[in-house]
Structure formats: structure tokens, C-alpha cells
Amino acid sequence: QDQGPIKVGILHSLSGTMAISETVLKDEMLMLIEQQNERGGLLGRQLQPVVVDPGSNWPMYAEQARQLLAQDQVDVIFGAWTSVSRKAMLPVVEELNGLLFYPVQYEGEESSQNVFYTGAAPNQQAIPAVDYLIDELGIERFVLAGTDYVYPRTANRILEAYLKDERGIADEDIMINYTPFGHSDWQNIVAQIQQFGSQGKPTAVVSTINGDANVPFYLELANQGVDASDIPVIAFSVGEQELSGIDTGPLVGHLAAWNYFQSIDTDANAEFVDAWQAYTQDDAAVTNDPMEAHYIGFNMWLEAVRKAGTTDVDAVKEAIIGVTVPNLSGGYAAMMPNHHITKPVFIGEIQDDGQFQVVWETPSTVAGDEWSDFLPGSRDLISDWRAPLRCGNLNVQTMSCGGSTAAQEAEAALAE
Amino acid sequence: MKPLSSLIQRDRVFDFLKPRESPVDVRHGPILYLDEVSVSFDGFKAIDRLSLTIDDGELRCIIGPNGAGKTTMMDIITGKTRPDSGEVWFGTRHDLLRLDEPQIATLGIGRKFQKPTVFEALSVFENLELAGASDKRLWPSLFARLDAQARERIEETLELIQLTEQRDRAAGVLSHGQKQWLEIGMLLMQRPRLLLVDEPVAGMTEREMARTAELLRGLAGRHSVVVVEHDMGFVRSIANKVTVLHQGRVLAEGTMDQVSKDSRVAEVYLGAPEEELVR
Amino acid sequence: MKLFPLPLFASSGARLFALLGLCACLMVVILGQQAHAQSPDDAALLESLGTGSFNDKSEAINSVAASGTPRAGEWLEAMLDGRLQLAGDGTLVIVASTSGRSLEARAALDGAPMGTIERRELRRIPINNALRVQLRGAIATLDLSAEDPAVRRAAAAGLFGRVDDDLASLIEARLEGEEDESVRAALERALALPRLEHGDVTAIEALRGSQDNAVRLALTRAAQSGDAQMAAAAQQALGEIERRAEINRWLQQLFFGLSMGSVLVLAAIGLAITFGVMGVINMAHGELIMLGAYTTWMLQQWLPGQPGLAVLLAIPAGFLVSALVGIVLERGVIRYLKGRPLETLLATFGVSLILQQLVRTMISPQNRSVVTPEWMSGSVMVIDGLSLTLNRLYVMLFAALVFLALLAVMRATRLGLEVRAVTQNRAMARAMGIRASRVDLLTFALGSGVAGLAGVALSQLTNVGPSMGQNYIIDSFMVVVFGGVGNLWGTLVAGLSLGIVNQWLEPWVGAVLAKIAVLVFIILFIQKRPRGLFPQKGRAAEG
Amino acid sequence: MAHGWLVRPWHERSTQVFLFSVCAALALVTLLHLALPAGHPLHVSAYTVNLLGKYLCYALLAVALDLVWGYLGVLSLGHGAFFALGGYAMGMYLMRGIGERGVYGNPELPDFMVFLNWDRLPWYWHGFDMFWFALVMALLVPGLLAFAFGYFAFRSRVSGVYLSIITQALTFALMLAFLRNEMGFGGNNGLTDFRELLGFDLRQGSTRLGLFIASGVALMFGYLVCRALISSRLGRVGMAVRDASNRVRFLGYRVERVQLYVFVVSAMLAGLAGALYVPQVGIINPNEFSPLFSIELVVWVALGGRATLYGAVIGALVVNYAKTWLTSAMPDAWLFVLGGLFVAATLLLPQGIAGLLAQLRRRKSAKRDEDREALT
Amino acid sequence: MLSIDKIDQFYGESHTLWGLELEVAQRQCTCVLGRNGVGKTTMLKAVMGEVPIRGGKLLFDGTDISRLPIEARPRLGIGYVPQGRQIFPLLSVEENLRTGLGIGRSKRIPERIYELFPVLLEMRGRRGGDLSGGQQQQLAIARALTLAPRLLILDEPGEGIQPNIVTEIGRVLRRLIDEDGLTVLLVEQKLPFARRYADRFALIDRGRNVAEGPIESLSDELVARHLGI
């Protein structure tokens, strides 16, 4: 087994509604693997991608994760976008002891010894973003607008708690609005936002609106004349890929918070963007934050395998904590014991060429915090997957490790 | 086997042609009573204050020009169409306007449609079976099995409508005339108290017409029968009393001879050289 | 210097950063102009615009505005539009437009033409939101003394709600020398708010009935002021404004509903033909819509810089593309399924999968960006305080036209008669000499083409991507069926009423519940009218 | 009288063949899974067993749909709703079964409630800690919904596409409702992270095998119920309703009751399928309510062959196997193949796959007749 | 004018027409008689192309039309009044009539039609499906006449029509034959009608033409043999 190629499972939707976001991640992974093979592979072996398409169907993610791990015997999986797809895969990955690198910003409140979260936790995106709004723009009223699913719900709950408890924003200065997936008629909501924003206090919209619904949302904003200088919108799910599907002319000045922008001016990034454009044979091809997350995740895994000298999952899990690799914005990303990584946070303004221009960044990188400090249920929890703790949800008050089976199994294994 | 002709002799009413017990109360009057019934469609008065009574055991022919409202009248009696005004009583106890189609059917009113309608995907046999089933409620239908007696009855009916050979063919593939017969068979299987028969002999040959006439006459007495037909020869051969409808109301009523002498009837319906076509 | 009261500034949404920037710059402008400060070196001024942090630039903008240099307006405008760019050799240039590979440029300092420069050689001077606000304020103030009265008027109108005491005195001064009546009126209006702030009751008269938010806020404050006369007058004016606002809200809601409704109608109307009239359960209808939208995008790619023309051309082109695909679909598949309508569901479902994936592989899985032409962007103010978005107005109009055209085809042409005959009794229609298969083809092409038209319109409202059709297929079937199958009017009324119900509910219960409520409404309504809004009545339909 | 009806279909040849095939398949898979070592080429892996179990649930769902579509002429475009409700009932049981092993260690509240600050279990979650209750609910809730919905719809004589579309509206509305986090069903993330079923560890191969067999048995049961229904007189009334519902009324049958009864039975079977499906795939989420899933379901039945029941089974198996296989064999192009399959099947197999089988059988028997004739 | 030459027809496996032969002479009314289910309607459908034939030929004016699609046949001048009326239920009466105007002979519904069937003028705007049975039958005949056919095929046209109109239809047919040179192929069960208006008869039994000749030669013996039970 140690002689053949090392198999890398790629589990992103290439069809259905999620294809819009996930297809590029598949292509990116293929590119990274190709590059690595040109550099001589890993441990002297070639990397071999195994691509499957769950077709935006959540049970299918579980089925295919199982297939990749049990049938194809892949050594690692890079995949998923939505939280629900990750949740669907999670039991499978834990059961079959696989490795999953998840590249998208998410709501937190989860920790698994088999999953590595290379996207942002809420504290790496949402919290700094509202800090920027308050501290730099003097915003006093907030519209929290999101698609009605778990990530926006959780992010907004965290934000609400943070705004009220930490930043002293009054109840009536927060408006929360949820819309269905793919919502396309924003007339009323934009009118409401305008109304809400015209009461004499500087107002901003914090948008956790998902994918497809963004285009009609921004169009409506533009057409109803909501200018970024009147009511700026800061989005957590709108990146360069999404902008490539929107006429950004009328959106100039609206904001997004990410850990990476294509426009970031570093050599590493220029190289990455060039490679990507060459690989896709499209010099207008854009990169985005989840792509950087996969880039970092992939390099961390390479590093960890090298360090462990094997692709054996347990060894890699052990080795990867503490691994530090360069990110694309000129700094370093480190894998923390909670399987989250350190990231800088950038605020960018949309430009008319579909790129973001960084207008603010955190002075240093922020470590991902999966258990939010602003939610009563989880503020006492931490996660640490290093020996001997090996616990994803340690309650620091009671010092007991809550019920993840993985943890129990580890305990049992130790006892034996 | 008994010769077929004996089956339809009017003096020998066979068991399976007996009406089933129905709760209809005819002790104090007619079996069907329509009073001042009107119905209009988009302003067009199809039935205009029509009053009509059918006595128990009577065989009544209803004739009248195309569009006179004959079929519509049957629609009203069977609950398919709700009249705008008027009353319809079955016996003295049942106000038909308060009941829906299955209830009316269960009371014992059966109907043959003008355009033959049979269950095309089911076999001829099954068509008859469904029509004849004794208990049509949900659970009994679910657990029902065909007993020997019922089977026998179906076989007899098949014989009578001359579809024994086609018994297992889907009803959809029958010819037009065969469907007519099948529908008559279904009507018989239902054993209703009152039969409403809309143009039974359309598309039948002379002989078959004669058979149908026999059959209907045989039914009269125990059953009440209302026949709508345009074939005057046929009407003449069965009817003692004829009602002529015109523009939704009764134009004339009486024996065939009386009616055919009526000049208005001749004008709107029979036409002048009547004798040419009507034997 | 005293800052004007904060809330005054909140014309359409409060903006602290805007306030700071604008205010600072106005100060400098006024000082500069009053003092006739000696002109500093233009080159250094220009240089300062192109370098340094956002804060440095903010100061630079102030200096430029105050300098009185004749090029100031041009520089600031170019900077605002992103046309002020840094060439490779370090000189600042102004380019004619920002799109294209190589750009027409002239020197910023003296306007000397520099020919075309490769885009890669240029770097635009970055600005942020705060600078944008500052630039707009500076430009407007400069414009107050422009040659063209129209520009002056626009500048004065633009300053409404942003006038502080200093600016007020500047405007007073301008008013003295102003001859153009309309500009005078605009200036007077601009002054009304600060006058009101200063307790000038007569100012209320000038503001009466205005739906501007700044006015409402100012009046609200005035209504609470100690001055009883002032308070009463303000209160009364406010009541008037409220009443007007109420009517506006109502009208706006109606517009929202009708506009959503017309989108539904557009999406469904093609299906009303292929499904409603022909009885083909066309699951690929959404993909035909998508093709229309992609045609718009494609044309915009071919005609760079002329998005409007591309959209207009897309109307016939989108129709043709979808109609052609419809023809292929009919000839290749549906033709063989005559009399088996449910099988068309299976086959067209397959076709829809194929079309989606085809777009994903041949074009891209990502959304495509379709530009809204200038004349369709933004909104028009129909009455004070009620603006309607233009793109939606156009789409409504378009939907109405498409509907009427289709109605005419189905009612007044032979094709309309023949298709109905064919669907009601195919064999008999053929026995009457009707070329049934040709009729099918033409009708299906028509329905498909109309779906394409819907796509063209939708490209102006929402995202253009491979799965966009999926978003409309369910709604379309619902609208057609709700309206009553086979009835074009039914589709129209159904679409519009569902749109109105949805938009009317939305502010009450939120978007999600509104959608659920509409679905429940449909379910309940169908119980009342089991054959839709406009049922096929009579004996025939009852079967 | 009441005993006969379930037995009747046993005497039909097609039922015998069907039941035998399913039994044989179950036995064979079990044998190949247990008896052969993992490396053996004929070994059926736990992964495959799991997959097959999932397919069998889909097959049962397809049978349930075929009952109403094929035999009652009611094209339900919302059958996924009943499946999903059954699934949610089971999911709730499994969720309660996590107990203190959830990430927050809350013995009562599921995780998603904890971090969204629910302070107590909503009333409708009570009782789901008991398996029997969940199972009853998995049948009862879809059944009741079908009853309430069907009662009004059939009474109002909603039929044809109108009925199809309101079933679609129903499932769509349920999808939106279940997507709402306030509903207390986990929103879009749905219910996941299940641990054990009746004390059996869900991550154990033997549990999987058990579920697979249970699904097979459920499929046989469902098939038998449908068969019995169809071959009863009620079934024939149903078929008559399909072809001429008005005419049936004039014979004295209560059409709406027949429709309602069959619809409810079908919904309950769908719920059963959902209940078995969830522990095998490990997640239930509002996606199962999506109208497209229900349409796809119709496509399975159409492909397999409508109004045959076994055709529905074949359709479900073929499409889902094709999906599993194609999505990994040709992840970029599988939709072309699947879409093409649908198109080709409609054009070439007018009666679906079952029709093809029947045709082959007829041809064979015709050939046999010929041979016999030639001999005599 | 039309000759049906040894045609064989099958519904699936069941053989319905067995080498059926029939000559329809120009400007004459040929009446086909036969018991229920012997294949009369099937024969007419074969002529119209609604059911395929396996063997034999159909010659219309000497050209073989058996391979032509249905819609080409009315264009040659064949009008068809099918059994069961087959009117377009959701089209208005007028629209029903207009369907026949597509083949180009005339753009307007000939006045004559409303003269022949005045009730249709009265009901012009009503949906065809709402008409009474007999009205529908009249509509079906009128519709076929809008094609201005040279050969008119009628399948039991008198069915469900009030007697005076049946007589009227007979007269109209006669007039069209005698004055306009129409040829008529009629399937009819009612002997009096046949005897009065037809020129020739043909008796069909079990898919075969068992007897034909001038109508006068239709003897009671033949009737008893082939139309009896």
C-alpha cells in the first residue's frame, strides 16, 4: 500500500445548486495536486486525485464520503461547502477515521478530531467585521440580513449577543431579517432597510445572504438607490466568484469581510493567481477565500504527512497540529489544537472591476474559535485534540469532556 | 342452456333483474317527482320550470328536439347538475337535491349515459362486477370476494348483452355498439328501482333494437324506466306514455298516437313526412 | 467653527463619515474662495492626490478643492470615477474610460493627450467610501458656481439636506447673484432646512408636503420644540407628510406586488402555451428561460460597451435561441410522445438535466454578469416620495407586451385555433386537414421562444446561472395551474395576484412565512375552485 | 371475511416472483457479506450493504407512489413530503437517543437547540425517546397529513394536474417550514450525528446489515399491501376512478373515500420508507421535502414502468444505482448520461423497463406457443 | 371514386378487417351495413388513415392514398363525420367549423352551412362540448362540409338526432349528391334511412364484405342473415 499513489479525495458538488461555488474548488485541488506531482509528489509517491460529484444532495455527501474512504481508500478528503453537507459527512468520516479539510467559513459549534476547518470561524470574520463598522464607520444601527439557515442564524445570534452585550447597541437598533434560499424578490426588504436606515442614525447591513440570492439583492439595492455611502452592506458570503456574476458598477463601496482577497498584493498571491489563470486558461478567472483555505489546508496536510513520514491518518492528525505554512496574504497560518487555523481578517470594498480593495485589516492573525464566547451554551467549551486531552468539547468549568464518541473512543483506546 | 330469447320474455322476470330493496317510499304517490325545475347555463335556460311525475313501475318515453333538455333533466335527477330552482323527489321521502351522486345511486337510481361511458382499462367482466357489487362502501369493497351467485349473475348479464366472448377484453376496445350494450349491462347489474336510459339504441341494428325493446318492457312493472330516444319506431314499440320536451319544458304528453298527432310536436320534432321514416 | 446639528445630515440614511469628510472639505472650499489664496503649485497638488494613505488623500482633496485651480473639478471627478490613474512612469493621467485593454489617456496636469496606454501599465488611484462622499460634496460645491445653470441647479438640489451654517451663508451669497429662476428656487429650497433649524416658521411652508426624510426628521424635532407656534405648524405639516407617505407606501406595495407578479407571469406564460394549451409537461421550461438569459449575456460579450443595444437585440435573439432549442426538443423527443403526456415529464426532466450541465461545462458553473443598461438602472420618481425602480417598470411593460402579443396569436391567428383543435382531438383535427405535427412544432417553438423572452427579462432582475431555471419551474407550473390550465388570462391574473399577495404579506410576516402562506393559499384556493381561477367550464371539461 | 385479502396476492405469479427475488437478493447479499472475507472479489462490503439498504427504501417509496399514480391516477408531486416526515420522526428518535453524548452534553436537548438557546424541549419532541412511539409517528404523521390533505382535496374533487400541483405546493411549503430554524427541526442542517438505534450502534456493520434486511422486509410488506389493495374490488374501483371518476359515482361508490384510503395507505408506506432511510444515511434534512426530489421520484416510477409496482422498484434501483456509479465514474459528465437515459427510455421503452420485461415475456410465450403448434 | 382493395387490418394481434373490398361509385351514396363490432367504423378509419392497414390498397380517384398521412386526405377532398361526433369540446361552434377552413378553399364559413343547420347559427358562440348530443352531431356534419369535400364519409350520422332533422340530413345529402356531384360513403344501421337515401349497399360481416349491390336488391333474407342476431 505504501508504494502506490497517494489518493486525495475531492468531494465537491459539480452539479446542482452548489456547483456554482464548489466546482472551482475541485479545479483548484486538481491544480494543486498537479503542481505537487510536478514537484515530485509526496514522500516520493505521486498524488492521485479521486473526484466524485455529490450533486448538491446532502445524503449523497455521506454516501460518497463513505465510498471514498471505504472503497477508494483515499488518504484525505478535501470537500464540502455548506454546513449541512459537512454535517452529513461528519459521522462517516469519524466512523471510518478519515481526514476532511473543510474550506468554508461556517458557524462554529462543532469540533471533530477528523475534520480540519480551514475556513473562518465566526470570530475570524463576523466579529472583526462589526468592529470595523462601529469603530471605523461609526455605525449605530444594524440590519442583520441572512438566508434562513444555520450559518446565518448562528452568526447573527453571535453578532446580536456581541452587539448588545459588548458594544452596547440597543435592541431597537438591530433589525433581523431572514429570507429563503434563492430569494429573488428583494423589493420589500430593501425598502424596509431603507426605512430602517433613515431614522437619523448611521446604519449598515450585515449580510449573511447566501449565493444566488445576492445578485438580485444587490441589484435591488442599486436600483432603489441604496448607496454604499448611505447604508453600506458588509457581506460574509460574497467573494470574487460571486461578484463575477454581478455587474459591480452600482455596488462600488459595499463591503465584504474575508481572510483573503484576490487583490492582495503579495508575491505568493500573484504566483497563485497566475497559476490559477494559467490552469483554467482564462485570464479573467478569479480566486477567492475558500480557495485560499484549500491552498492552506493542502499545504498543511503535505507538511504534516512529511513530518509524520506516512499518510496514516492517526499519525497525520498528530503531526498536523502546530504545522505552520505561508498563507497568500504574506503571513503564516498555523493549525491550532482545535483543528482551526490562524487567519488575518480583511475588510474590502467592492470595486467596479469585480475585485475588492482592502480598506482595513486586523493587526495580526486571529485564531479560529469554534465554541463562541458569546453563546451561553458554548462559552465554557474549548477544543483541544492534542494528547492527552483529545477532546473536542471540554467544559472548562467542570473540566469534563462532553459526549463526542471520538473522544470516548480515544479514552477507551488509552485505557486498553 | 336456455334459449336466449326466453330470457327476455316480458312475462318472465329473472331473478337478477329484480330490483334490490330500496328504501324508497312509493306508497303515497309517484316514484319520481319533478316540480318547477329550472336550470340555466350562462343565462341560457336549458330546463325551464319543468314538472314531471313518473309512477312506480311505469315505462316512460321522453322525446323532444335536440337540446330540449332531456339529458340535462337526467343530470339533475342523478345529482350531476344542481338546478337553480325547483324540487326533485324520489318517492315521498327523498329529496334528491340534498343528496350527491353516490347517495342517489345507492337509493336505486341507475343511469345509462347518452355517450357510452365504461371503464376502459377494466375488462368487460370487471365493469359488470363493479356495477353489481352489493355493498359499495369502503371496507366491504376492500374485503369483498366474488361469490358464486354474483358470478352467475354477471355471466347471465354477459349472455344477455352478447359480450360473453369479450368478457376478458378491456372495455376500451369495444366497438361503439358494444359499449352501448355493456353500459346497459352495467345498468342491469345495478338493479335500480328507477332506470334512466339515454338513447339506448343509438347505433344498434334493427334486431338489437328489438331486443332492447323487449328488455326494457320486461323491466317495467317492477322497475320504473325512463327512456330518452329519437328513434320513433323504437319509442312506439315500447311506450304507452310519451312526454315531449321542448325548450326545457313539457310540450305534450300522452300516448304515442296522441303525441304524434299533435301539430306542435310534428313541427318542432317529428317533421311533416313522418311516416317515411317511422314505421 | 460650529458644526451643524448632526441629525440634519441624515437625508437618506445617516453617515458619520460622510459628515466629517464633507464638512471638512466645505470649510476649506469656503475659506479658499474667500481668501483668494495664492495658488500653490498645481503639480504638487495633483501629486498629493495620487499618494499616501486614505487620510492623506482626504487632506489632498480638501487642498485641491480649496486651491481654486481650474482643473480641480476635472481631477476630482476623474478620481471619483476611478479614471485618475498612475502611469508606469509615475505621472498621473486621466483616462477616458475604465474598461478595455488599452485606454485613451491625457495628462492630468495639463490635459495634454497621451494616446492610448495599456491597461496593465496603469494603476488606478484607490479611494474608499469616505473619500467618495467627500469627493461628491466637493464637486457639488464647486458646481454651484458652474457656467451651466442646469449644473448649478443640480448641485443645489444635491445639497438639499446637507447644508450647514457656513454653506448656508455661501448659498445666501450665491442667491444674491443668481438670475436663473429655477436655480434660485433650488437654492431657496436648500436653505429651507437650516432656516427651520434656526426657528424660522416660514421655512415650513417651503417644505410642506416634501417626502424627503431630512425634512421629516427636522419637522419632528421642530414639533417637539418649545415654540408653540412652531410646534403646531410643524405638527400640521408632519401630519400632511404622514398621510402622503401612507398613500405612497400603499402604492409602493402595489407596485412591488405587480412587479413580482409580472415576473411570475413572464416566467409562466411560455408554459401556459406548452403545458396549458399543448399539454406537454415541460420540465425543461426553466432551462429555456435560462437560455434566453444566457443569450443576453452572450450578446453583451459580443457588443462590449453597448449593454443597452445588446439587451434590445437579445429580445429577438433570446426568442430565437429558445425557440430553436424548443424545435429540436419537439422534433427529437416530444413528437414521439403524443398522447402520453406524463412521459413528457420523464423525457423533459432528462433534457433539463442535460441542458443545465451543458451550460456548466461549456460556459461555466458560475453565474454570469449581465449589465443593466443605463436607461434601465436606478429609479424614477413618479410622485414626490414614491420612486419606482426602472428595471422592474420595464419588465412589467415587457410582460404586458408579451402577454398581449401571445393573446393575439392564440386568439386571432389560425395557429391558435389549430393548436387548440389538435390538443383537444388530434385525430379529428388531422381529419380536418390540419397538419398536426407542424402545428405542434410551431406552438412548442412559440412557447419555448416566449420562455426565452422571459429569460431576457430576468437577466435584468436576477442572477444568470446554470440552475436559474430551477428557480422558476415550480413557480411557473403553480401559476399556470392556479390560473386554470389552458387559459392565458388565468395565467395573467394568477401571476399578478400571487405576486401581490406575496408582497403584501411580506412586511407582516417576513419573506419565508409569506412564501409559505402563498403556497397554503394556493392549496386552499384550489379546494374552492378545483380547476383554478378561470376553469374550463361546462360539460366538456367535466368529462 | 377480513382475513382473505392480504393472502390473495400470494396466489399471483408476479407477486410470487417478486417476493422470491427480493428474498433471494437479501439472502445472497447477507451471505456474501458475512461469509466471504473482505478481500474476496465476490465479497459485498459494508459500504455496498448500506447503499443497497438505501436503495430499498427508495424502492419502497417508489412503490407507494406507484400505488396512487399507477392505480388511482393521482399523480402526487409531493410524495417526498411523506417520506421526509417519516424520516423526521425516526430522526427525532435517533436524536433523542444521542442523550448526553451530544457536543454540549445536554441530556435532553439536541445540540442544535442548545446553541440556538432553546431552554426546553418543544412539546412535539416529547415521546420521541421511545422507539415505538417514533415508529408509530413515522406512520401516523404522514398518514394524518395525507388524510387531512386528501380529505379536503378529494372532497372538493380536485383532480389531475390541479391535484399534482397542490401536492407540490404542500411539499414546498413543508420544505420552507422545516428550513425555518424556529420550527425546531434543525433548519437546513436537519438532524444528524445519530448514535444508536434500539441500543444497536449505528456505526456497526451488523446494524447496517440489520437495517438493510429490515428495508427489504419492509419493501416486501409494502409490495404485498399494495398488491392486496389492487387486487381487491376496491383496487378495481380505484382503477375505474382513474379512468372515469364521475361515472363511478353513478354506480354508488364514494370516489373520494376510495381515493383518500389509498392515498393514506400510500403516504404511510412512504413514511415507513423514510423511517428506514434515515438511520442508514445518517441525516434527514428539508431537502427531502424539495419538490425536485418528488419529481425525481416520479421519474423513477415512470422509468421503471407505471402501474406495475415491480416496475417502480426496478426504476428506483436503476436510477439510484446509475447515480452512485456515474457520479464517481464520470463526475463531470454523469448528468448527460442520466439525462440521456431518461430521454432514451421514454423514446424506446414506452411502458418503462417493466414494459420491456413484459414484452420479452410475451414474445417468449408466443414463441413457445408457436413451437407447440409446430409440434402438433 | 374510392376503391377499397383487399385491405387487412389488425388491432394489435386481433385481425379486424379481412381482405375487405368495396367500390364507392362517383356521385352515389353507398351505404355500409353490418352488426355491431363487425368493423364498419374500422374500415372508415382505415380510409381516413386513422388506423394503419397491413395489406391491400386504397385508391382515391385512381391514386393510392394508403400511405398518405391523415391530414393529406381531407386535402384531396375527403370529408369525415366520425362515429361519436368527435367535435372539439372546448372550441366554440364557430371555431369548430373554422377548423375546416385551413385547407384553403374558402376563408369564411359558407352561408349554406348555417342554412342547413340553423341551430348552429343560434349556438354559434357556445362551446361545442356543451351542445346536446344531437346538436353535436349536426355540428360534426356541418364541420365536414366546410371542407367542401368531393367524398363525404359518414359514420352513423343520424345517431341521436331528432327525426325531422334526420330527414333533413337525408335530403341534404341527396341534394349534395344530385346537385353538387358529391359522393357519399355512409355507415348506417337504420334500414329505412338507408333504403330511402342510398343508391348502393354493402353488407359487412366479421370484417368482410359479404354482399353488395344496388339498394333495391337488399333483400329481407340478406338482412336477416347478416343483420340478425
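Residue numbering begins at 1 within each chain, and the chains themselves are lettered A, B, C, D and E in the order written.
To be clear about the criterion, contacts are C-beta pairs under 8 Å (C-beta built on N, C-alpha and C of every residue); 3 or more make two chains touch, one makes a residue touch a chain.
Note that the structure is predicted; figures quoted are calculated from it, not measured.
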Original post:
So which chains are sitting against chain A and chain C at once?
Top reply: D
Subject >> Which of A-D and B-E has more C-beta pairs touching across its chains >> reply: A-D
Original post:
Closest chain to the protein CA centroid?
Top reply: D
Subject >> CA centroid of chain A to CA centroid of chain B, Å >> reply: 75
Subject >> Computed distance of Cα centres, chain D from chain C, in Å >> reply: 45
Subject >> Distance from the mean Cα position of chain E to that of chain D, given in whole angstrom >> reply: 52
Subject >> Interchain centroid distance [CA atoms averaged], chain B/chain C, Å >> reply: 67
Original post:
Mind pulling the chain C residues that touch 2 or more other chains?
Top reply: 356-357, 470, 512, 515, 538
Subject >> Touching two or more other chains - residues of chain D >> reply: 176, 179-180, 244, 246, 332, 335
Original post:
Touching two or more other chains, which residues of chain B qualify?
Top reply: 41
Original post:
Taking the complex as given, what residues does chain B use to touch chain D?
Top reply: 78, 80, 100-102, 105-106, 110-111, 113, 117-122, 126, 129-131, 133, 136-138, 141-145, 186, 190
Original post:
Of all residues in chain D, which touch chain C in the complex?
Top reply: 75, 149, 152-153, 156-159, 161-162, 164-166, 168-170, 172-173, 176-177, 179-180, 244, 246, 291-292, 295-296, 298-299, 302-303, 306, 332-333, 335-336, 338-343, 345-347, 350
Subject >> List of chain D residues in touch with chain B within their complex >> reply: 1-2, 4-5, 229, 232-234, 236-237, 239-240, 242-244, 246-255, 257-258, 261
Original post:
Which part of chain D faces chain A closely enough to touch in the complex?
Top reply: 45-47, 50-51, 54, 98-106, 111-112, 114-117, 176, 179-181, 186-190, 192-195, 202-203, 281-283, 285, 287, 323-324, 327-328, 331-332, 334-335
**OP:** Would you tell me which residues of chain A are touching chain C in their complex?
**Re:** 14-17, 19-20, 23-24, 137-138, 140, 148, 177-180, 182-185, 187-189, 191-192, 194, 197-203, 212, 214-216, 219-220, 222-226, 228-232, 241-250, 252-253, 349, 351-354, 357, 359
